[in-house]
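Below you'll find the structure, written out as structure tokens, and then a few comments.
Labels A, B, C and D are assigned to the chains in the order they are written; within every chain, residues are numbered from 1.
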Amino acid sequence: MLNRMVPAMSILSAAAFLTAAPPLQAQQQDQPDWCKSKWGPDDEIGAANLITPESVLEAAKLITTGKAYALGGETNSKTPAFAPRTWSTIVLQPGQVGGVTLGPTQSSYNDDIHMGWVGTGSQIDGLGHLGVDNVYYNCNKAADFAKADGLTKLGIEKIPPLVARGVVLDMTAVSGQNPIPEGTAFNKAEIDAALEKQGIEIRKGDVVLFHTGWQSLVGQDDEKFISAEPGLGKEGAEYLASKEVLAVGADTWGLEAVPFEEGVGVFEIHQILLARNGIYILENMNTAELVNDQAWEFMFVEGHGRITGGVQAIINPIAIR
Amino acid sequence: MLNRMVPAMSILSAAAFLTAAPPLQAQQQDQPDWCKSKWGPDDEIGAANLITPESVLEAAKLITTGKAYALGGETNSKTPAFAPRTWSTIVLQPGQVGGVTLGPTQSSYNDDIHMGWVGTGSQIDGLGHLGVDNVYYNCNKAADFAKADGLTKLGIEKIPPLVARGVVLDMTAVSGQNPIPEGTAFNKAEIDAALEKQGIEIRKGDVVLFHTGWQSLVGQDDEKFISAEPGLGKEGAEYLASKEVLAVGADTWGLEAVPFEEGVGVFEIHQILLARNGIYILENMNTAELVNDQAWEFMFVEGHGRITGGVQAIINPIAIR
Amino acid sequence: MLNRMVPAMSILSAAAFLTAAPPLQAQQQDQPDWCKSKWGPDDEIGAANLITPESVLEAAKLITTGKAYALGGETNSKTPAFAPRTWSTIVLQPGQVGGVTLGPTQSSYNDDIHMGWVGTGSQIDGLGHLGVDNVYYNCNKAADFAKADGLTKLGIEKIPPLVARGVVLDMTAVSGQNPIPEGTAFNKAEIDAALEKQGIEIRKGDVVLFHTGWQSLVGQDDEKFISAEPGLGKEGAEYLASKEVLAVGADTWGLEAVPFEEGVGVFEIHQILLARNGIYILENMNTAELVNDQAWEFMFVEGHGRITGGVQAIINPIAIR
Amino acid sequence: MLNRMVPAMSILSAAAFLTAAPPLQAQQQDQPDWCKSKWGPDDEIGAANLITPESVLEAAKLITTGKAYALGGETNSKTPAFAPRTWSTIVLQPGQVGGVTLGPTQSSYNDDIHMGWVGTGSQIDGLGHLGVDNVYYNCNKAADFAKADGLTKLGIEKIPPLVARGVVLDMTAVSGQNPIPEGTAFNKAEIDAALEKQGIEIRKGDVVLFHTGWQSLVGQDDEKFISAEPGLGKEGAEYLASKEVLAVGADTWGLEAVPFEEGVGVFEIHQILLARNGIYILENMNTAELVNDQAWEFMFVEGHGRITGGVQAIINPIAIR
């Protein structure tokens, strides 16, 4: 009666159903030309390849006053973030209930826990964050590397120390408005205008930050802040990519102009920078003090907690000049 | 019949029971002398006060080769951590179920979530992490500032950019063992021996890192790794404090010698550094490459995600020389 | 030179510092009389001992119409909760990025994650929830059983199936107000008035639910809802305890009258029920439909996810009559 | 110069990109016949429609001994679960650091937090859990209802009280093996054999539980436990669906035979029950005590925390007889 009960297959891991050979869709999809990296088929760090001992030494020459700037702002449960992102921090005192202390010198300690979406507040977008139809930087297909417990490629733990020349562009001076209205796009003309006004240039391997004044809305009008923003336009993104920059950031939540420019796709600037060119994106950067000091050039140093397989990281890059 | 039903009090927030005037215990507790900060009664950043434009310029002079080192290691669900700390990362694709993409250029994206204890992997201990009988740096009483949803004082968001001269002490060369056995304590004699051997000195405002080889146990013998460690001794901690350093770190999970030295309390070195002297602690630092390169001196730059009210932060400081 | 480096102690687990022999305070604290359970020194389930085959059979006799009521309401990120409790649910599709499906029949699936405080929405308070100066039900000291990764005693996984006679008391009919104003206390007179009006009695082993109309504020005036409530008074709690009930609940967030009655301590009713008498507390119960149907008596059945070491559980008890 | 800076569109919510009109794919996909519910196009509860006052009254008649069974087991960080599911519970004492107590009667309390995947341990699969190529029960398309912060349809908060006749089938008695080997499939012949042996029948609206002995592997050989299982076969699933049952469960992690029967798809039994027939699935049920008592028939009562938009729930159904 139980003749059907003889298992026909050997014991398999159930998880294997999800991690088996690349799915058919993926296999059949040829690698489009746009996604191939100039740094070779195995590259996972994109424009970070531009960092060399020479470029670091050049950047170090920008340290002339000894002032250091924290470019990251605070992240907490009230930080406005792209839906449905939320954040929660918990502080507790393990093993100390009722006032128990540890040992003869009565140690007591606090510990903390994070429960939250990484894309909350000041952040870096890793190269595994955004792609084109599930194809990411260097032709990595999401089905191959985007596992539910972490990316197996392009994770933020692989980003080397980001040490580079940084420049900040005061777009409010170009625009004459502060904050600059939402949807305003920064393209070649606007970028060049800012460079000229400030008397600086963008060089290969630079970190370029836009100051728009938009961050001043946080805590004042969070709904307006998170629903739109001024930012980089499509032509501007391609212009910066042609200059081979390392990273592009702004004092906004998403870098690019929202509402998007006419004829420009949803987060297409992210596609141009991250997926097509391996250029990192920095969001919610505190650029105000740099601008106030007219600190147009500086040494930029960024190192973030290396969470294995992370997509983004909450950051606080340091500008030193 | 319902005569008792007239509320005698006005409407109060229930949470008020927990946040009302300082509890009696706290009020009665006088401020002991040991906890008063030399930087004044309102200070929350301790030895970070030592960072000045001059000290930053001095540190920048150490950049001579252009090589940058990532001092942070990876953190993930397998990282051995002090019980009951755990870590979990989740990657998902909001709004893209079934392969939906966004807009005409077909954007797709990954997002990530953290669920975990911050004290996992490479970390900085903020000044609100460990105290003496619930009194923390600068006489802050835990009942006053350690709220369940975040510290209201001494949070890691308040730490300014940590830019300083860094030195690494190769204790394996002094000890002749690699890794150095657990419980081995580094005191004045051992510290001076390393300095002499390497031909360097410790200066005011320095970040001092100990290399013990202990990190090599991770992934090889996690149980041994996390149950003990070589590290700083009590006299050594007081010695470093007397030199007015900014931070002390090591390639171990808890910096100090465990099992603790005879006569030394449970995490008493943490008390000496954090609570008594406002000196930061750096744990699970990747010191091996620095030692391999004999990079005894370097510019140390650390900026971490500024989680409001955070106790610790997962970090990746950058050493540049 | 390294003579101090010989470890004097054997290798210890660092966690041992927190879990070693009961701390001195605890040892010295004698067991007060009030906390001893009538069900013996090892008892962890309190009034659940009252459930017997006979009592279950009696309760089953109350099933006469076949109508089942869900006494639990919904819990989500908007549910008003005692600070700083929050709730977050995440839905994702592991292994299916880009529309990948599993196997020849193209399975696709959603999975979900909880990040949140258990005391959010409809809940049962286990006997490990609230005590008197860190002494809980049956003289259990918090330092002994309240570990950071779960209670080692009194956890909600130990609560047996709660099957009993349930009664609902329509306090709005007694009070003449709906919702009943905050701070209104239900004591012996009010309880007896409701019983008399409804023609029922409270029996040993019963689950007693109070209907106040307060739940109707949720979503209408969350701030008012969570800052106060009508509820059980001290005399009323002792009255119910004298009747040896199994559990007491209400359509409020905290059962007891808030602001507290004059001369009554902070959550003293919780102390009387949970700690002194081992009687469970049920919060945010949906009592409206029972009252609307005049379903004064019913069979009450409650089983919750048995999270090991849990303090509370989000519940949906079923009333059947 | 800034002529491009006039936003062409009105301010939009960024989130709108993700929640706008149904994506093209979804719109073009016609509703296949297989997914239409017999309970109408708006139905979200499937076989729970079978519960009527009459069926509840019938089930209540099965209560004859007054014994109640907890069918849910414990869930904790060690519970073996389908990868990459994990679970973590945290216990803390908000506002009580250093032994602070609340008010004159010195209240102290524990609170708890969940961080984990719901599909860990004893669970119910809601109708939004598993579908066919992103089409779920009643032709609901994932892109329309599976939002990252919760399902907008088919959520577990909508499941009414599951009160029904329950039956347990002792498959170990049929098989002669305990536990029954992995991959063993229960089809019509095996189900009928069990029914005949036990002298019972399956009726419309029943909850059917299979006892396989597989749960005994938990804690003994977790890897074997979670990598395979005996269970329901395809013909058996269709047989039970033809009998119009309410729910099907087992003492295994995934109900169905794994490795899957030859010619049967990945989790195809889930598709047959959940998506095609609106029949609930119950996993990791504790059936041993029922079998030991030969409690073949019982009243089944299940109510779970009603997390809005939840996919699954950790449960503890109560069997009463």
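Following the convention adopted for this analysis, contacts are C-beta pairs under 8 Å (C-beta built on N, C-alpha and C of every residue); 3 or more make two chains touch, one makes a residue touch a chain.
As the structure is a computational prediction, the values presented were derived from the model and not from experiment.
Engineer: Give the chains in contact with both subunit A and subunit B, ordered by label.
Structural biologist: Touches both subunit A and subunit B: C, D.
Engineer: Where centres are the averaged C-alpha coordinates, which chain has the largest centre distance to subunit B?
Structural biologist: Chain D.
Engineer: With touch defined as above, tell me whether subunit B and subunit C contact each other through largely the same residue numbers, more than half shared, or through different ones.
Structural biologist: same
Engineer: In whole angstrom, what separates the CA-based centres of subunit A and subunit C?
Structural biologist: Each chain's C-alpha centroid was found; their separation is 43 Å.
Engineer: Between subunit A and subunit D, what distance separates the C-alpha centroids? Give it in angstrom.
Structural biologist: About 38 Å, centre to centre.
Engineer: As a quick test, compute the distance in whole Å between the mean CA positions of subunit C and subunit D.
Structural biologist: The computed centroid separation for subunit C versus subunit D comes out at 24 Å.
Engineer: So which bits of subunit C are touching at least two other chains?
Structural biologist: Residue numbers touching two or more other chains: 17-18, 77, 84, 88, 90, 92-94, 97-103, 108, 110-111, 113, 115-116, 133-134, 142, 146-149, 266-267.
Engineer: Quick one: label the inter-chain contact graph as line, ring, star, complete or other.
Structural biologist: Basically all the chains touch each other, so complete.
Engineer: Over in the complex, which subunit C residues touch subunit D? Could you list them?
Structural biologist: 51-57, 60, 63-77, 84-85, 88-94, 99, 101-119, 121-122, 128-134, 142, 146-151, 157, 160-161, 163, 265-268, 270-271, 299, 301-318, 320
Engineer: Can you list the subunit D residues touching subunit A in their complex?
Structural biologist: My answer: residues 1-2, 4-15, 17-18, 82-84, 90, 92-93, 96-100, 108, 110, 113, 115, 147-149, 174-175, 180-185, 187, 189-190, 193, 224, 226-228, 230, 233, 254, 257-262, 266-267.
Engineer: Show me the residue ranges of subunit D that touch subunit B in the complex, using the header's touch definition.
Structural biologist: Touching subunit B from subunit D are residues 17-19, 23, 25-26, 77, 86, 88, 92, 94-95, 97-103, 111, 115-116, 133-134, 141-143, 146-148.
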